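Two complexes are shown next, each including chain A; its partner changes from chain B in the first to chain C in the second.
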Partner chain A sequence: MTTRSRLIIATFALLITSAGFAQSEVRDAEDPNEVLKIAALEALISAPPERALPLVMKVLDANNTNEVKERALFVLSQINLPEAQNRLLDVARTGDPELSAEAVRMIGIGGNKEAMAGLADLYKSGDEDLREAVLEAYMIAGDVAAVNAIATNASSVEEFEAAVEMLGVMGAIDELRALSQDSGYTEGLIQALGIAGGDDVNATLMDIYRNADTDDIREAALEGLLISGHDEGVLELYRESDDIEEKRDLLETLGIMGSDLMMEVIDEALAGGA
Partner chain B sequence: MNDDTLILYYYNDGLSEDERRHVEAAIHSDAAVAARYDGLCRQLNGLADVDTPPVPAHTVQRWHDAIDREARLERGHVQQPRQRAFSGFSFAWGAAIAAVLVIGISLTMTGPDPVVEMPATTTSAFTRGVQVHFRDTYGQLASMPIEASADRTQLVLQIIEQNRLFERAAEQSDSDDLARVLRAFEPILVRLAAEDITPQEAAALRAQLTFELNVMLTKLSRDSSNETGTATTGIKT
Partner chain C sequence: MKTAVHLVLIAALVVAIVASESHGANFSVPAEDGWYTWQVEAADGSELQVYALMESGQPVKFRARGDSICFSGFNVRDARDLGYVTADQSINWLQGFIYPVSDLSSEAILLISLHAGELPVEILDRLLTAAL
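Let's turn to the complex of A and B:
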């Protein structure tokens, strides 16, 4: 056996043990031992799930750094066995905050129904970071209904806006429109619509802008148009407006969007036909 | 004295006579080294019973690289810079979106969704397409300039757009597992695209992504090997 292959096998074997000589200090990301452990974890996915699972469990139990454990959690998310999903839920419930949030993300990636069902309780009992992680896990799993339920039952403006923002990311336009029936178009809802984008949304944002009761709502609608990239709509609003300040804002928005239409507007303005 | 040196000493291999004497002296004079060596001996004595899974060639290569790097470091006594542990979750999703907006590039769907051409008509063809995407992304991230935030941002935004196409393709081809993984990459990519993160934070995010990409490549290779009975390889780093 060559020196190199002995080192490889020995290092791998040491990784999978939970022996007490695992070093306790926080390791550098470039620490060769850390690099080897992470490379070994990468390799585990090539093993049959039944064989990989106990090894990943041992990595999580051993005195490894959070970085190594986070990598182990990802491998766990790709092992389609109930024990793997249960362990993810355990870490999400009881792990340190960093690992807990990562485990929640992995539950989203795994998409296992039972594990996903456990996220609702975690959301209720979790702090802001964990709640954010749960929302992100729902996004990853494509669970629009769960995010919509959070928005519907939100007990604070912040909670509501975080949920509707995620609905926007998920492109859940119907749910966003339905929420507006109860609360009207709030700034958060308008921004989320912009994130979702699409022709229907652009038309809605134009209506909201034109009929806005307050400057805040008008600004939110303009921001929504900016996010959705609807430069033609912004140009249309520019041409409709007689207010110099408003025109300046709209022109500025076209500039931020990097729109070619801005040159058209500049040309008109310089020609005095604005 | 690191564990690898003690392992070589244990196997009586790879060390010069002087090095062996140095290790021997350390074991006898330093109680901490002796304790570590005892622990290693106990573990290594049981190695014959360890049934290790097959390791892909690219991973073995990475191990080799890591060992070579350590050897170079030991020879040159080069001090590696410390990298701060970083939690990707410390970045608010909204703030990351806003950071991207500031540079004037919309990440969001503009107008109708792009039409995604499904490769051929089979799932395996789609899977091969995803493998190419993962490999390309891995290569782009590996060569990405961490320090130059503007260049990094531009590159990552391109990766995000490409990733979204595959997200939609995965949804359309009912590849739910892959769709979830592809969606999971996006928040990390968005954080990596932000210009206000430190090079250390960017490096940590890149390390996370490259690990996850490599795991997925290995898994997809394993699955296709199982289906066809042929061996395939992932990324050679």
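Let's turn to the complex of A and C:
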């Protein structure tokens, strides 16, 4: 990390801290030492990495609260030295569960290539929380290939859907479409497409809705349209349908979306009634 | 005669140095209300412009500006310029506002960290190990 970026981050932290204090003041209930430690850790970002590292290590080794240690992990993620990245991996592997997951996320924030490479093993050996943290780290680092590999090699539906959802968050439409070639459009894939959004996705969701073999798939497509905010598509489906129950569901979806198109439907209904 | 002149010059020089050091050791921002600013060497070797807003004899805000630092929305035109101050002098004044812990503590700590020299890291070290 360059001095320039450290200074910018420090200034940013100063701004955030100032704003935070302006809103919340220093509460009497907070341990003053802890308040100062957190401020010192944030300030440490502007220190030379080789000077900051031993101090951060000391904080992690000492009997500090998890909140303080979590801030220390963030500082560690900004220190682009092998010792810092190795320590993050150590905490991720052996720390208490809360700190372990935070260390994993920090590896994602830091984006260090070697540390990122260590996440694959952590994912394989980790529990559900750690796996979720690894997926988040990949998302933060924008590592679509790693998430796609997890989805491709998933050994359970839950694991597949968690990875697919993350692909949706990452906007990895091509990967989601490719996965559908193998498994067909599952509910998870459809919702992930909705999360990814976009005109192409909206058209796909409309097709899936119209050609759905099951109610579950149709519902998932509608949910995808809801998530992507494609109210014009929902209105189109409403107009196409002759089924009262289905029309009700579609209208309800428009209502949940807070769409102005609801008024068009109401106007049409009133005109029809007249 | 020459020796006398030399002695006078040396004495004047000593007085100037002592006066300068005395002023430096006791650097403080005037108590009158308003913004004050001074320049110090920044951690990256560039010049850092430090600002303090004084109210009723006490600082209530700290800000900074420099080559690598941009404070969005911060614009003080009528700050009283206190000139160039060494980083340690500036730090020594700022660290007086870390305790008791208040809104200003974090601002002081972060501002200190932007200064050049060894002192910022020493202060951060002390704060981080305070209750260990």
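Everything below uses one rule, namely that the second predicted complex is superposed on the first by the 243 of 274 C-alpha atoms of A that agree within 3 Å, B and C clash if a C-alpha of one lies under 4 Å from a C-alpha of the other, contacts with A are read in each partner's own complex, and residues count from 1 in each chain.
Criterion: contacts are C-beta pairs under 8 Å (C-beta built on N, C-alpha and C of every residue); 3 or more make two chains touch, one makes a residue touch a chain.
Quick caveat: nothing in here was measured; it's all calculated off a predicted structure.
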| item | value |
| --- | --- |
| First (chain B), second (chain C), both or neither touched by A:Glu98 | first |
| Larger contact residue set on chain A - chain B or chain C | B |
| Touching partner for A:Glu165 - first (chain B), second (chain C), both, neither | first |
| First, second, both or neither for A:Ile109, with chain B first and chain C second | first |
| First, second, both or neither for A:Gly194, with chain B first and chain C second | first |
| Contacts of A:Val59 with chain B and chain C, given as first, second, both or neither | second |
| First (chain B), second (chain C), both or neither touched by A:Ile256 | first |
| Common interface positions of chain A, toward chain B and toward chain C | 3-4, 6-8, 10-11, 13-14, 17, 21, 26, 32-33, 35-36, 38-48, 51-52 |
| Residue numbers on chain C that touch chain A, as the complex places them | 42-44, 61, 64, 66, 68-72, 98, 100-103, 105-107, 109-114, 120-121, 124-125, 127-132 |
| Contact footprint of chain C on chain A as seen in their complex | 3-4, 6-8, 10-11, 13-15, 17-18, 21-22, 25-26, 32-33, 35-48, 51-52, 55, 58-59, 62-63 |
| Residue ranges of chain A touching chain B (in the complex, touch as defined) | 3-4, 6-14, 16-17, 19-21, 26, 28-33, 35-36, 38-48, 51-52, 65-67, 70-71, 74-75, 78, 98, 101-102, 105, 108-111, 129, 132-133, 135-136, 139-142, 162, 165-166, 169, 171, 194-199, 202, 226-230, 256-258 |
| Chain B residues touching chain A - in the complex, by the definition given at the top | 2-4, 7-8, 11, 13-14, 35-36, 39-40, 42-44, 47, 50-56, 59-60, 62-64, 66-67, 69-70, 73, 80-83, 85, 87, 89-90, 92-94, 97, 101, 104-106, 108-113, 171, 176-177, 179-181, 183-184, 187, 203-204, 207-208, 211-212, 214-216, 218-219, 221-222 |
